[in-house]
Amino acid sequence: MISLLPQALIDGILIGGIYITFAIGFSLAFGVMHIIDFAVGEWVMLGAFMGYYLNRWLGLDTVVFLPVVFVVFGFIGYILQPVIYKVLSGKRGNPHLMGLVFTFGLGLMFRGLGLTFFGFYSHSLKTFLSSGSFSLDLGSVFITIPTVRLAGLFYALIITFGLTYILKKTDFGIAARAVAQNRDAAGLMGVNIERISSFIYAIYVGISAMTGILIGSVFSINAQMGGKYTIMAFFVVVLAGMGYLAGVPWAAFLLGIVQAIFLIYFNPGWTLLAVFIILYVILLVSPKGLFGRGI
Amino acid sequence: MKSRGRFLWIFVVVFGLFCIVPLLTKNTFFLRIATEALMWIGLAITWDVLAGYTGYLNFGHGAFFGIGAYTTAILMTKAHWFFFPSAFVGGMIAGLVALLAGFPTLRLYGAYFAIATWALGRAFQQLALVLDITGGPDGMRLPTFLNPVFFFYTMLIFVGGLFLILWFLLERAPFGLKLKAIREDEEGAMAIGLNPARVKVMAFIVSAIPAGIIGGIYAYWITYINPASTLGDLVTDQAVVMAVFGGLGTLIGPTIGAALIYAFKTYFWAYLSQYQVLYLVILGAAIAASVVFLPDGLWGAFVSRQEGRKALKKGLALKKEKRA
Amino acid sequence: MSEAILKIENVSKVFGGLRAVDQVSFEIEKGEIVGLIGPNGAGKTTLFNVISGYYAPTEGSITFQGRAISGFPPYRLAREGIGRTFQIVKPFAGLTVLENVVIASFLKYPRMADAEKNAERILDFTGLIDKKDESAQGLTLAGRKRLEISKALALEPSLLLLDEVVAGLNPTEADKTIELILKVRDQGVTILIVEHIMRVIMNISDRVVVLNYGQKIAEGKPGEVAKNPTVIEAYLGEAQA
């Protein structure tokens, strides 16, 4: 049993890496727009199916469609953001409450659309990466790493470093961070909050959808998969501290490892429950996340 | 104060009309629809206790319904209890879960609560799938008691009583005003001696207990429950859309919303049964569209229209509403 | 001289590296009106929030009627008998004026009918009774400030903390509010008031405490404090800046 532990850790890091991508976008959108997007898992699902159908129609490898999916969903996010902005800046009722209800409704609608058009069956995405795997034989310990999961980790690292670069080094990123830190002050300094929000939301939706393709090639896809990834995104951001981006990778790896350990040592059916219990304990003990840096 | 007499009058008339339904028709399909409509009214108004009166969104309301249903099923089949005490205990356990879940989360920013309750719903669904006592994915069968009239009256008396109790609690008693104070401004509420976390947890419990009891009645009535039917997302989704579409922060809004959405659902599933999943799209679109176009819901829009007319008659200009 | 109702001993509040309130000590005696003044950013509102429980003090202790109350949450302090108003007025916007005060009355009168009776009595006292059925958000600024005072009074406090209840009002409204404050004092309520307008503070306070950069720089009768060179310098410094 002990010899399975390294494998579990490696698996966990590889799974967690994929969670980083959409969780970081989710956390970013929360920081800038103050919106919890209940549709996050549905963006993953829709992106995965777009990859699946493009692959079926055009026959090209699914990996080729990563940028296509990013652009298409980025555009969708860009044109959707003004609606969310309108809801959040509403004059009547409780706008923040309404924002949550709105994305909750969007998620439900996308799930319904997914079921209507894609049906109830599961599919898997084929890419040239799917077949191969690396093996490490260290005498007592034997570790297998499927190529596609390794590719997933590389993808996650590229996204993470790319986003970090944009946020730290470009004018756009600095403006976005200013909005996240102090909306009013940023507005007074002449930052166009609505435009920044649109781009951030576009980037987040694009990344989430693109990640769907990776998830589809590692696991399988179906129209009801969204909820599972929504809960992962929630878990990661709460663990990291809401709006605290630097905590996201660590939280994602931790979640991946918890998941892998449950898959190997326990009944996989209990994974979600374990995740929930951890979530509960965190909210009880340290609501600002593991690092105490959330809001 | 003036509306008190009129409200009770309308309530008695509507309740009386419902009471004579079984005398007018022996059509079990119709009775079934009426029973279920009452059930949804109950779920929508209990959801609104928290959302409309306190300003916290519970995206796991279905969990309380399911907890009540499963508790009732387990007590009746494994412990051979009678129905009424089983459903009562089901409600109490739902309330206990609300207490435990609300305590850490209701102290925080509202988004945490929305996330936590959403996760709670998923967690209980998963729990029912993996436990032996709940029968896993196969679900549970309850002792059959095929008496539609009994269930109609049980549901009618429970939901009718619930409506009255909530009306008294929220519109007449101090509790309702305290909730509204918390909804409007938690910081300000603290200065006048209200402990926001405590009041919110109480509201959560008040909303969860009846949802659990309704779940118990449903389980005994339908005689077969499984994780998808009682703990699936659909229970929460429908309660949310009914309350939001009808109008948050009132009892009458969610009641109207529940009646309309349920009537639509029944019609839709009866005539377009091959497109059942399309119903989710419509629900989702209805939620999103209500938020954008009808932020106060149908009832809210109706009321402000009425008030606008009254104001126009008096020759007053309508003041633009301001609210931070 | 009677005994102190509120004792503030070496209280500090630190945000990050900033000492917003720094080692402040003073006492308030029963039945007094004490004015808390100082240039902008002197830490008046922060000290107010510490006394009313919105911030826990970083150091020091606060004693109210002989009980240590440092770190108590605001709702507990309300029960102990400390009422406060907010500089940025916080009426429950969706509710009527009467309902606003009724909610505050529940602390002492848990039953609806008693709370309503108490609220009407308070509104009569504060002069808002004619507007009791109006929506709180429809009130003028003067009305909202009066509503703030009404809500605090509904708690039947022994100590009332007033945060800028006169600032922003026109002279007539200001005089009416000052009259109200004096009326409240005559009922035996001790008052700590933060106010920007010197005329107000100097007229109604029995004693004045002056803060600058979080520290207490002077304390005494209004006339003495006004002549204190350190105080004059602090205010002149602000005028030049």
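When the chains are written out, they are named A, B and C in that same order, and each has its own residue count from 1.
The rule is short, and it goes like this: contacts are C-beta pairs under 8 Å (C-beta built on N, C-alpha and C of every residue); 3 or more make two chains touch, one makes a residue touch a chain.
Quantities reported herein were computed from a predicted structural model and do not represent experimental measurements.
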Shortest path length from subunit A to subunit C (each step joins two touching chains): 2
Result of counting contacting C-beta pairs for B-C and A-B, higher pair: A-B
Chain whose averaged C-alpha position falls nearest the assembly-wide average: B
Chain separated most widely from subunit C, comparing mean CA positions: A
Whole-Å separation of chain centres (CA-atom averages), subunit A against subunit C: 48
Whole-Å gap separating subunit A and subunit B, where each centre is the average of the chain's CA atoms: 31
Euclidean distance of C-alpha centroids - subunit B vs subunit C, Å: 42
Interface hub residues of subunit B, defined as touching at least two other chains: 183, 322-323
Touching residues (chain side subunit B, partner subunit A) in the complex: 51, 55, 57, 59, 101, 103-105, 107-112, 114-116, 118-120, 122-123, 126-127, 129-130, 183, 233, 237, 240-241, 244, 248, 275, 277-292, 295-296, 321-323
Parts of subunit B lying in touch with subunit C, wherever the complex brings them together: 172-174, 177-178, 180-181, 183-185, 187-196, 319, 322-324
Of all residues in subunit A, those that touch subunit B in their complex: 30, 36, 38, 83, 86-87, 90-94, 96-98, 100-102, 104-113, 115-116, 227, 230-231, 234-235, 238, 242, 267, 269-270, 272-273, 276, 279-280, 283-284, 287, 295
Residue ranges of subunit C touching subunit B (in the complex, touch as defined): 52-54, 73-75, 78-79, 83-84, 86, 90-95, 99, 102-104, 106-107, 110-112, 115, 137-138, 151-152, 154-155
